[in-house]
């Protein structure tokens, strides 16, 4: 309290806006539609996570969007080779903001046991990652924990983050450019 | 190819031909591989495949790893049925070093491998259901698969990539919980499975969809070196378990189901029947499970128990030698094949006596039969191509090695 | 037209609008819960108690998602597409009689926005515009998968509208009126389903196809066309398409209840009168609608989908001849009864 | 029984191809025949069409790199299977690194197509007459053949790992 200046500045957020922000973030967190980019073993565990025993639908996540435009969360499950890297980056660029990335499994996080000439050593070399889930493959419980961490991130995220300079800079480090409409080129 | 399809292909006007990118991240590829389809309306005129999107250099990696550390790599070949891959690899090494495996171990292996086969076929068939639009058919079998995972967990602690078994046997004996869970599995699974079967097998829409989708003749399948359920669906009863029995498969009474047309419906039905036969094998093996040790007497390759390593000089030496890869190995070339989830899974091992294989090649059935896909879908609608792709069960890990 | 009528109708329109939207939103929730129940799962339960805030969360999220128009898309058509879909889905409900007359503030209130005497024709007219929403959206996306979805949708709708229309004509023959209100009133004794079971089956199957619901969900079938006509749509434009689908489901369930299951009629309704009757009538109608929605969803989560040529085959070679025969037989029977021979 | 079969096969192949059978051995119950590379296509065709031998199934094709044996650095191994006699057979051809050409067998087995492409991709062995000899698993713009022994497992261009700290020296291999 007491910082009246913030209410009047353009960049600051007023009291109502902050609460609106929170409400929006809460809504977003409860409706994270995943895009499963499942390439290999972890994909099968992701399928198990979708299955009846673990049931991602409790979080409102059973509506999988295979088209990147409609997805909020890119779940990269499995090895990403150098040949596949550009494809993954393209899928990420095609996703509409706000978007999050969950890296499932050792291969997606760091290349895993495949320290070889053909495997990309971690997807964070080409796209920004929000939550890493280790394991080879991680158990469904672990994947769910990763998803819940994403939810926490979504709940905390300010509505303005995606327009901020920091965010543009972050994407810039991955050579992803944003035009003034906030679209990846 | 029927006359009708030939006419369509000939009538295709180049101006009407569209190119569709089917993959690499198409929802129905279940894994990552690309098909570029040339289509006239909904009919596929030709297709071009690109694979290698998750090439992980297994064979190069295997040349850098001691024999017991190759098991985890084999896990990731066909990850739907990793215990078959593990045990197949271990049997290859056992063949190289020439060792007799106790009957109990062989029977235990059969039980585990057939469980893995059930898990593999369940995934494939439920995914056929999903691609045909029946999403619920995916959830029923997956609940049952969880029970197989629990059995794996009892044996190895892992669910999917099990790293199960050791050169010479298993890491542990069947635990009491395993016995209990296996018994309850054998009791409850058939009912749940028949429920799944009744959802699709005689469903009119499903039959209409799958019959005639992606057929292949026995001659072409043979020329393409098909193996496993896909070959059997084309009508050839080639099964490694029968042709060159390993791990005491000759002791068990089971039939090899075969199809007639080699189409999606036949592949589905062959897999369904194989699940029933696998259950029969498990029941036989479990009923006749011999007494004895769960590992062969193989101190040169089988890690001694930890308590022995701390208290026993000899065990410590063996432990050291195994871990450091100092064990002497015969020189030679071995080929050993097992009937994997998708067909003849072979290991061609060249040993120069060193701690790592000189060359290890995996005969990966997926890789070999996936090249027939363009021929199978030619002249068919896109919908059939989707079903064909899921029914030949291309596992990206096995495809790309 | 007096002012009171204008106010009455405005309130009714507003109410209808809200009910349709609310019903559509909560149908998504119901569908997810039902799917979960069929598939031995839990379903959404984190957003609010029992997850009842799930549709609101989805809605808010979609409203605030980045609105994306592909670079090579036809911008205006891309925007108009979902609008048309939503618009047509909403205006169909204008001719539906929602219940018996209500007596409030000294006025008899008809629970129907417009009792036009060509109700059935209006419904079919509007429904056939509905396909333009999908067609335009799919074409404007400039994406092959969308285009395939659009082509499939348009040919599917054209084919199934024929059989649907013919089976509706049998009802018109029976009741002798095109007004939905008359059709409902005439069913106060025996429901049309008793006279016309075949027509109902055909109508129901065609309604599934018109709604793009499984087993006829080819325009958007996930495993083949990724997202079908809405592959390129994000944010609320996608939301409008999904909303339109559920609203149409709601409306066509209502129409099926009206044509074949007596609308707001219910057994033993002669014991009631006045506003009680009106309330019970609305409740009966709602229950019927709910049951239809339930069956439609049940089918979706059980049955695989058709292939495109099989779908056409079913529409043209089975349903259309069958509905024509049914029409002929009905016509002959009515002619005999009226002693024209 | 199997042994005798192996012997029969060897005798038959030797009778038909005489001097082209360079060496043979029996390893772990499986017959290995080394042949002149240029004659392997004919030999497989002959085996496939033979009434009694009836080698009808191509199990796999493998390449092997022996950098130390001069003049025969590369081997192409064909593993074949006769279902009629339930007998597996291995035919090898050794190629010098200057001339990595061998005839394709895609005309005999349709399945050989990708197996040969894979062998080309990994070792750079050129199968003459192959309809579409391109890389298959690796990227098209890769400029080396990764399974050859001289190339390291890891990406050679990576900088985040100092080989000295892993007890390795790239120059040695």
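Structural remarks
Order as written gives the chain letters A, B, C and D; numbering starts at 1 within each chain.
Note that a residue touches a chain if its C-beta (ideal position, glycine included) is under 8 Å from a C-beta of that chain, and two chains touch if they have at least 3 such contacts.
Please read all numbers here as calculations on a predicted model, not as lab measurements.
More C-beta pairs touch across one of A-B and B-C than the other; that pair is A-B.
Chain centres here are Cα averages; for subunit C and subunit D they lie 64 Å apart.
Between subunit A and subunit B the centroid-to-centroid distance comes to 32 Å (mean Cα coordinates, whole Å). Rounded to whole angstrom, the centroid-to-centroid distance between subunit B and subunit C, based on C-alpha atoms, equals 46 Å. Averaged C-alpha coordinates give centres for subunit A and subunit C that are 36 Å from one another.
In subunit C, the residues that touch at least two other chains are 35, 39-41, 222, 226. Counting partners per residue, subunit A has 52, 66, 83, 116-118 as the residues that reach two or more other chains.
The set of subunit B residues that touch two or more partner chains comprises 26-27, 52, 55, 57, 60-61, 139, 143, 400. Contact between chains, using the touch rule, shows up for A-B, A-C, A-D, B-C, B-D. The part of subunit A that touches subunit C in the complex is made up of residues 23-24, 26-28, 30-31, 52, 55, 57-60, 62-63, 65-67, 69-70, 72, 96-98, 159, 162, 182-183. On the subunit C side of its complex with subunit B, the touching residues are 35, 38-41, 144-145, 148, 214-215, 217, 221-224, 226, 301-310. The touching residues of subunit C, when paired with subunit A in their complex, are 32, 35-36, 39-47, 51, 53-54, 56-62, 64-68, 222, 226-227, 230-235, 238.
Interface residues of subunit A facing subunit B in the complex, by the touch rule stated above, are 37-41, 43-45, 47-48, 51-53, 64, 66, 78-81, 83-84, 87, 91, 113-114, 116-119, 136-137, 139. By the touch criterion given at the top, residues 51-52, 55, 57, 59-61, 63-64, 95-96, 220, 222-226, 238, 243-244, 332-335, 337, 344, 346, 348, 350, 358-359, 361, 363, 367-372, 400-401 of subunit B touch subunit D in their complex.
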